[in-house]
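Notes to accompany the following structure.
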Amino acid sequence: MQHLILVLPLLIPLYGAILCLFFWRKLGVQRVIGVATQLSLCAASAYLLSETDQAGILTTHIGNWEAPFGITLVADLFSSLMVVASAVVGIAVFVFSLRGLSNARLLYGYYPLLLLLQMGVNGVCLTGDLFNLYVWFEVLLICCFVLIALGGSKPQLEGSIKYVTINFLASSFLLIGIGMVYGILGSLNMAELAVLIRAAEDNHGLITLASVFFLIGLGIKSAIFPLFFWLPASYHTPPIAISAFIAGLITKVGLYTLIRLFTLLFVLNQDIVLPLLLVASGLTMVVGVLGAAAQVDFRKILSFHIVSQIGYMLMGLAIFTPLAIAGSIYFIIHNILVKTCLFLISGVVYRTNGSFTLKNLGGVYLFQPLLAAMFVIAAFSLAGIPPLSGFWGKFMLAKAGLEVGQFGLVATSLSVSILTIFSMTKIWNEVFWKKRPRTDVTADAAMAEINVADKPVIRLLHLPVLFLVLAILFIGLYAEPLVSLAFRASEQLLNSEIYINAVLLK
Amino acid sequence: MDILLPVLVGFLFAAGLYLILHRHFFKLIIGMMLFGLATNMFLFVIGRLTRGNTAIIAGTDQVASEPFADPVPQALLLTAIVIGFGVQAFAIVLIKRVYQVFGTNDLDDLDKTDRIHEKYPDKASE
Amino acid sequence: MKTLILAVAIRIFIPIFVFFSLYILIRGHNHPGGGFIGGLICAIGFIFHTMTHGPKETSNTFFTVRYYRLTPERGQGFLLHKLIILYKNLFRKEEVRTGSEWHKRQFRIDPIFIIASGLFLATTSGVFSLLANQPYMTGVWADYYLPIIGKPGTPILFDLGVYLLVLGVVLKITFIMAEE
Amino acid sequence: MKTFLIHTVISFVVAYQFFQRTDWLSYHARSAGGIFMLAFAVLWITTLLYNRAYFRKMPKAIFFILYILKEIFVANLRIAYDILKPRYAINPAVLAVPLDAKDDLSITLLACVVALTPGSIALDVRQDRRVLYVHMLYIDDDLDKAKHQIKHGFERRILELTT
Amino acid sequence: MNLFSVTLIIAIGTLSICLVLTAIRFAIGPTLPDRISAFDLFVANVIGIIAIYTELTGNADFIDVAIILSLFGFLGSISFAYFLMKRIR
Amino acid sequence: MLIVILAGVLLAFLAPLLYRWLGRYVSIPMALYPLSAFVFLASYLPQVLSGETINVVYRWAPALNINLHFYIDGLSLFFALLVTGFGTLIMIYAGGYLKGDPLLGRFYLYLTLFMVAMAGVVLSGNIFCLFVFWELTSLSSYLLIGYKHNKQESRDAALQALMVTGAGGMALMAGLLLLGMAGETYTLSDLLHKRELVTSHDLYLPLLVLILIGAFTKSAQFPFHFWLPNAMAAPTPVSAYLHSATMVKAGIYLLARLTPVLGGTEVWHYSLMTAGGITTLLGALLAIQHTDLKAILAYTTISALGILVTMTGIGSAPALQAMLVFLLAHALYKGTLFLVAGNVDHATGTREIGQLQGLGKGMKTTAVAAMLAAMSMAGVLPFFGFIGKELLYEAALGATAFKAVLFAVSFFSGMVFAAVALVLGYQLFWRRKARPTPLRHSLSPALFWPPLILASTGLVFGLFPAPLVTPVLRRAAEAMLGVEQLFELALWHGFTLVLGLSLLTLLMGYVVYRYSKRLLSYSSRFNILYKLGPDRVYGLAIKGLLLGSTSLTRIIQNGYLRVYITVMIITLIGLLVLVKNQSQLELDLSQSTVTIMDVRLYEVVLFILILPALLFLIRVRSRLTSIAILGMIGYSGALYFVLFGAPDVAATQLLIETMTVVVFVLVLHKLPQFRFVGSRFQRIRYMIVSVLFGAMMTYVTLLVKQYPLVSGLKTFYGENSYLLGHGRNIVNVILVDFRALDTLGETTVLGVAAIGIYAMLKLRMDKDH
Amino acid sequence: MLNNLDSFLLKETISSVFILVGVAFMLIATIGLLRFPDFYIRMSAITKGSTLGLGLILAGLGIYFDHPAMLLKVVAIISFTFMTAPVAAHVLSRTAVQNKIPFWNKTNLTDFQSYLKKEHRSEKKVDEERAK
């Protein structure tokens, strides 16, 4: 049975995409296929999570080739959580894009691309093979390339040039790192590599050298300071459904990999690497949040916040205690949901107000109270106001930091969260509270406009936002399940023997 | 050969990076390709090299007999080459479109999405 | 770039390339070659054709299925109607061509369909083992040898999928770019 | 042409089957080639019964190929000599060779053959397909003589084959 | 190392020097068609090198690369020509 | 207990709907909630008064030791009753005050949410449970201050309050985390017994500082006091409830709550007394300089909060008793006065005391309430404020250190309070003037009953302190002091020194009132001080933040791809060098010199073919030429692949190289010739970076190749490729069987690339070009 | 045994002769590529030299291996090159003409003038049409 449930998160979106390709010109059919795919993906990943939770780490050796020789798919709690998060975000974005995207874009492969992107994400999360990881990364990356450029408007093109070039370099570094690891140890299976690395006597230094390439490659992909420049340049440029999905999910996948590799493989010479990560995480938080504070565009503020939040997730890895890693895991899941939600909200605001620029917006508070409420929840969750979800992650990280005496970093992280509040309230002030700048259109008239034009559409667009907000509220108000899952996941991560045994002793 | 190819790899990397850092679109894409080639060569060199022996089981043998080339870097390389091609082909087309739309070939002219006050009209996307 | 000599040469080359690519594909398991290389070689012929004649012409010549349709009669079952069309198109083309109630139709094979079929084949080749509660992509092999190919098995099917996909990709890219 | 292709395939299959029965790998190419030729020859002779034209053309084709090979070799030697000489003695010109060949295949074949022989290359065919422009290296001021050489040497043989 | 392989190594060396020579023609041009023809010859040389290398190592599998190159070298030169024709249009 | 909280939250979120359904009657259910909560809490009174403490624990996040833990003892019950009782009146009042406002539903939402949060703060038995509610009060306060969201100053004030209290919240969080570490528990009842452990812990000082910052920001202590006057932008019910009676006292509550854990040390005493003292003085001073009713009230509130902190800082039993009594008294009269101010504002449309006169006739009930509250504020017999003031003076005089200073401070503030009380209780309403300020409309009962009730409560408590207030306060003080308290509150203590001082206070207060105009004219001289004040600092900080972040972002995110890449590469090189140095990786060149002889001629020739080609590629201007060179380099690379035994790779490389050429040729024919852009300096810089990078990569390669590689994969594949994989070409068997998943991914990449190229070339959303 | 050895030696010898001759042709062709004065002359002279050289090398290879599979491959390559080289050469030279790559000054172009003029004119016409 585990053979099936481990490949389902890959096969479902893949088959969905293939079917969509067969019905290339028929949007209606594609929509049906998409909904079916997303629903079954949700179910499959939820099942995967529950199985992993009950039965421990699941593995399947693709092609029935024993562990170090073939490619092994491995699902532990962390990876299953990521898969679930991707499915949840996927379904939300999918529903949003039913009406939130122009048909022209949909006709040029949006649905299959989205599905393949999900497949790439799931692949990265589930694979237990270093090179296979690279391949899945490329799958998700090329989907991102295309999605970001889809439509070819000026900002999109400009953003994608930077995105493509820099991520190409990142992939190359990743590949170089993988090559080095094979060149040093002669294996690609992560579990076996873990064994080999721990047994390696004379080439600790070399392995650490290889890990630098992973650090930089994945650091670029997850937008760590000083490697994040591509993100604020590109993430806000595509249509919001695409932004939301990519912004919510993809950088976290980079971080997932970073955590996976630096807990499983590169555990040597931590006295060199971890301080680096500490500094990087602090700077990432600060620079990201300051960047956000400077922005005057809804989406750009959100984009810079991604960077800032990445700092928190990295912080957990840098501190490297069970609590810290659990904090990172919780934070990743929380952030995936919240970020997607906020981007979608910006999309709804754009749809009803026709702008992303704060200066041109206003008054949403009055005529879209539900949206305003959802924004407050998501925004303050992002800022880590308790009892919303962001708080728990922040709490775990801060506690872990204090426990190991990283007072400076904790102070930084807490100050950054103040600045996060600052920029979130900036949006709130400008978009929701402020009077509408266009004095010729009163709020009522604007409402009337919407009513006539596409009220059902707007309702439909609210739906995924509401879904995500409920999810955020759930993991915030009833944090225990996710927190304890994160704890167990982090235990699995830090006790590599469990992973190694699950893969190699079958 | 143990010194020749590493040096070559270094040169390829250097040239690729230099062209990427060049501001011209066309040089950028050429640079990306060189960089990709360099990465592939690196991958090839880092697995140990054997002269003249393939990774194909010869004649009527059942198993490969030493010396034979390590097939693993080759297989990885193949995958990487193909993936690189996909990415690069897309990049070429992207650059062409960028040139068509912007009418410039200087990458420094593409600095607007990073600006705080972006110059692009606010209505380009949905 | 329409030159007489190139045009004629290419007309000769295309079947050569196609056959050669199939050869490369099927021997790929034992010698250098395989789906990827095969697919690319198969595509070159069409690239040449596109370069000389333009993508429309290529698509019309090689990737358009022409068939005849019959307006359905009252009371005739759907399936029966389709079957008749299929039968007549396959075996009684002459008869159909002269028949007045038959309409000429054509169906363009978009390279995207080739891509999709390739991907489908490659993906599905691994699914069979899944049904037998074996890991995905476990090879299922026949127990006899075929000439040139060797032992047939699902990995060969996989390679065929790769071949189709690469062919489709190259065709798609070429067609679109040449249209520009 | 069709017949030729069919025969080639059949001969190949025969040769292949022969070695499949025994052991394909331990035999020499000579024997394989021999079997192939033998099969081909047998098939060729059988065409006497149903396709005389093919039967007639086959030897001509072979001779034509040999002729081309000879031309190529000789011309190559001449050019090699010229290249290695301190001062080359070339006298190039572009010829407009009037064509008797009408069909595409013949023209293409002619152009290819011209191009294959060193010292000459086909530049283009005039729009009305009546003239082939050929660039040649060794012309002794008499363009017509060179044209005649092409027409007599290559075009005639090609026309014999294709018609 | 017998006389035969010495011969082959000399041959392969000569061909690689040919590569350099074609590269020189490539560099001096002066026109694009010149460069393309140099490229053509370059490809032929590469095929030759592969062929001789096949013989040198006695490993028949290398020749497949030459077959593929003989097909694709053609594609290369046709593409360049296509480019030139498109440019003048 | 949880149900009460949850019901509150639910009701809060229902409020907008209720408002839609019920219209103006929405205040009835909204007021019923705090009332029933009050009753519910009051039902714990017997237990609490008998000395019990009640613990109700709901598991919330046990993995983090954070639970919904409600802990009811005297202190928390005292505060909780205050919150809910006051809340009931405010709910009613708000219904009247904001009658007809379309956003009343949302107002109730925020207000109820706040009330629940506040009740949560005071009832929490887990310090992080407390923290959660604490932050919720900040959040709801933010929404309430910004209620008049169309006004710039409202929004700014809301933001300021949020920033200050939010920053304090973060400090508090850190402090509580440290406290948890020091005390090894988050449970309040456990912590209460761990004073020794905590105060002797290394982290005591930092945690104390952090918690104090949290408390001080919330309770508007100097230098964080500035947000409170600005928060008066909120509607008056909010000011009355949050910013005088309850929320600002959360800080006091926290200090009181943690007194048994953190108190008793010198740091504690001095820091609290200093901050409280300065705040008291400052608030009083500022109060007499303002003419806006709410501003005056806000500053006196600050002053009062200062007194409370000071008393907590003194920490002796009388001081804490005084603190509690004064807190209650202050809540009662200040709440009333705020409501009165609201009524005045509502009726006249202004809050400037200069323009307000003779209102007594028009709004009699309000005037009565104002007078009652003012007398309590001034500390006139028999009001509850009098008791409070007496106790304060006693406590100040009974302090062990800085007796005089403490007393002076209390006295000064008492004097100012008396003056302010005169203004509010007398000047506005009763001072005869020719033209009373016209009233725009009369007030509804919902507006004048709540202040009246509050004010009379002050009177009732003053008359009968013993049965009504004492038992609860005793238990509350006990919670702080840890020992049972037996004090009695009485209105009359006889003619003591303190009574005399009270009278003196009143007298001096009258003097201040009488000469307030002149004092005001002096005060303008202090204006220079405001420019250096914390409000100004805050403004500068925000401006600086915006400016700084803008310029930082401009520098970092400058839009130049080349700069981004350079930074990345330099980071990479830096890290590599760092790791190399740290782990002492040295290249053993002696081996390499041996292997350098093992090079074939054709390999060298190929090598020296590629190098000039690279150079040429960098220099050349023609596009086609560069493509061709690229092709040649690629072919040479492929030749290397052949030479080292990888025919499949070589073939693929050749095909890909050619396909790249095709793609180029098909796509790029319309691009222009390129020129060199960028200065020579730039180019040299990039050249250095590139060469460094290349050298680094060579070095790394050589380093790796220095060690032998034992690949288990190679052996396995070699042995099983034919037997299990049924193919002789091991590479192909790997591709389609051993590692077919890679190939599946790879083909997917190709397919997506094709779709992408298709979309890229065909789909053009920009219509403007 | 002896017979076997002999045949091996013979194969080696014949093969190396073929290869040397082939390489010589290639070398000469390459030198020609460098020496000859214009594009068309180089094109006429060189491409074929390489084709022949390559053919000879491959023939030598086929003889050496003396193996059916190899024979097939050798025949395949030779036929491919012999089929594609002239086509490529033709296409390239035609392109060169149309790109107005100049002829060597000593080339006799009397027969070609009309063609060149026509090409020129037609281009002019196209330009004029574009201008309209």
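Every chain is named by a letter (A, B, C, D, E, F and G) in the order it is written, and numbering of its residues begins at 1.
We take it that a contact is a pair of C-beta atoms (placed from the backbone, for glycine too) under 8 Å apart; a residue touches a chain by one contact, two chains touch by 3 or more.
It should be emphasised that the depicted structure is a prediction, and the values quoted were computed from it without experimental measurement.
Between chain A and chain B, the least number of touching-chain steps is 1. With respect to chain E, maximal separation of chain centres occurs for F (centres as means of Cα atoms).
With centres set at the average Cα position, the gap from chain C to chain G is 34 Å.
Separation between the centroids of chain C and chain D, computed from CA atoms only, is 34 Å. Remark: chain A and chain C have CA centroids separated by 39 Å (rounded to whole angstrom).
Taking the mean of the C-alpha atoms as each chain's centre, chain B and chain E sit 23 Å apart.
Within chain D, contacts with two or more other chains are made by residues 25, 111-112, 122, 124. Annotation for chain E: residues touching 2 or more other chains are 15, 17, 32, 36, 53, 61-62, 64-65, 68, 71-73, 75, 78-82, 84-87. Within chain F, contacts with two or more other chains are made by residues 550, 553-554, 557, 559, 561, 565, 600, 643, 647-648, 651-652, 655, 659, 662-663, 666-667, 697, 704-705, 709, 711, 713-714, 717, 720, 728-729, 735, 737-743, 745-746, 748-753, 755-758, 760-762, 765-766, 769. Chains touching one another form the pairs A-B, A-C, A-F, B-C, B-E, B-F, C-D, C-E, C-F, C-G, D-G, E-F, E-G. Within the complex formed with chain B, the chain A residues making contact are 100-102, 131, 134-135, 138, 141-142, 145-146, 149, 151-162, 164-165, 168-169, 171-172, 175-176, 178-180, 182-183, 188, 229, 232-234, 236-240, 294-297, 300, 347, 350-351, 354-357, 360.
The residues of chain C lying in touch with chain F in their complex are 28-37, 40-41, 47, 111-112, 115, 118-119, 122-123, 126, 137, 139, 141, 150-151, 153, 155-156, 158-159, 161-162, 165-166, 168-170, 172-174, 176-180. Within the complex, the chain C residues that touch chain D are 3-5, 7-9, 147.
Across the complex, chain F meets chain B through its residues 550, 553-554, 557-562, 565-566, 569, 591-592, 595-596, 598-600, 603-604, 607, 610-611, 614, 617-618, 623, 626-627, 630, 633-634, 637, 640-641, 643-649, 652-653, 656, 659-660, 663-664, 667-668, 670-672, 674-678, 683, 686-687, 689-691, 693-699, 701-702, 704-705, 709, 711, 713-714, 717-723, 728-731, 734-735, 738-739, 742-743, 745-746, 749-750, 752-753, 756-757, 760-761, 765-766, 768-769. The touching residues of chain B, when paired with chain C in their complex, are 54, 56, 78, 82, 89, 93.
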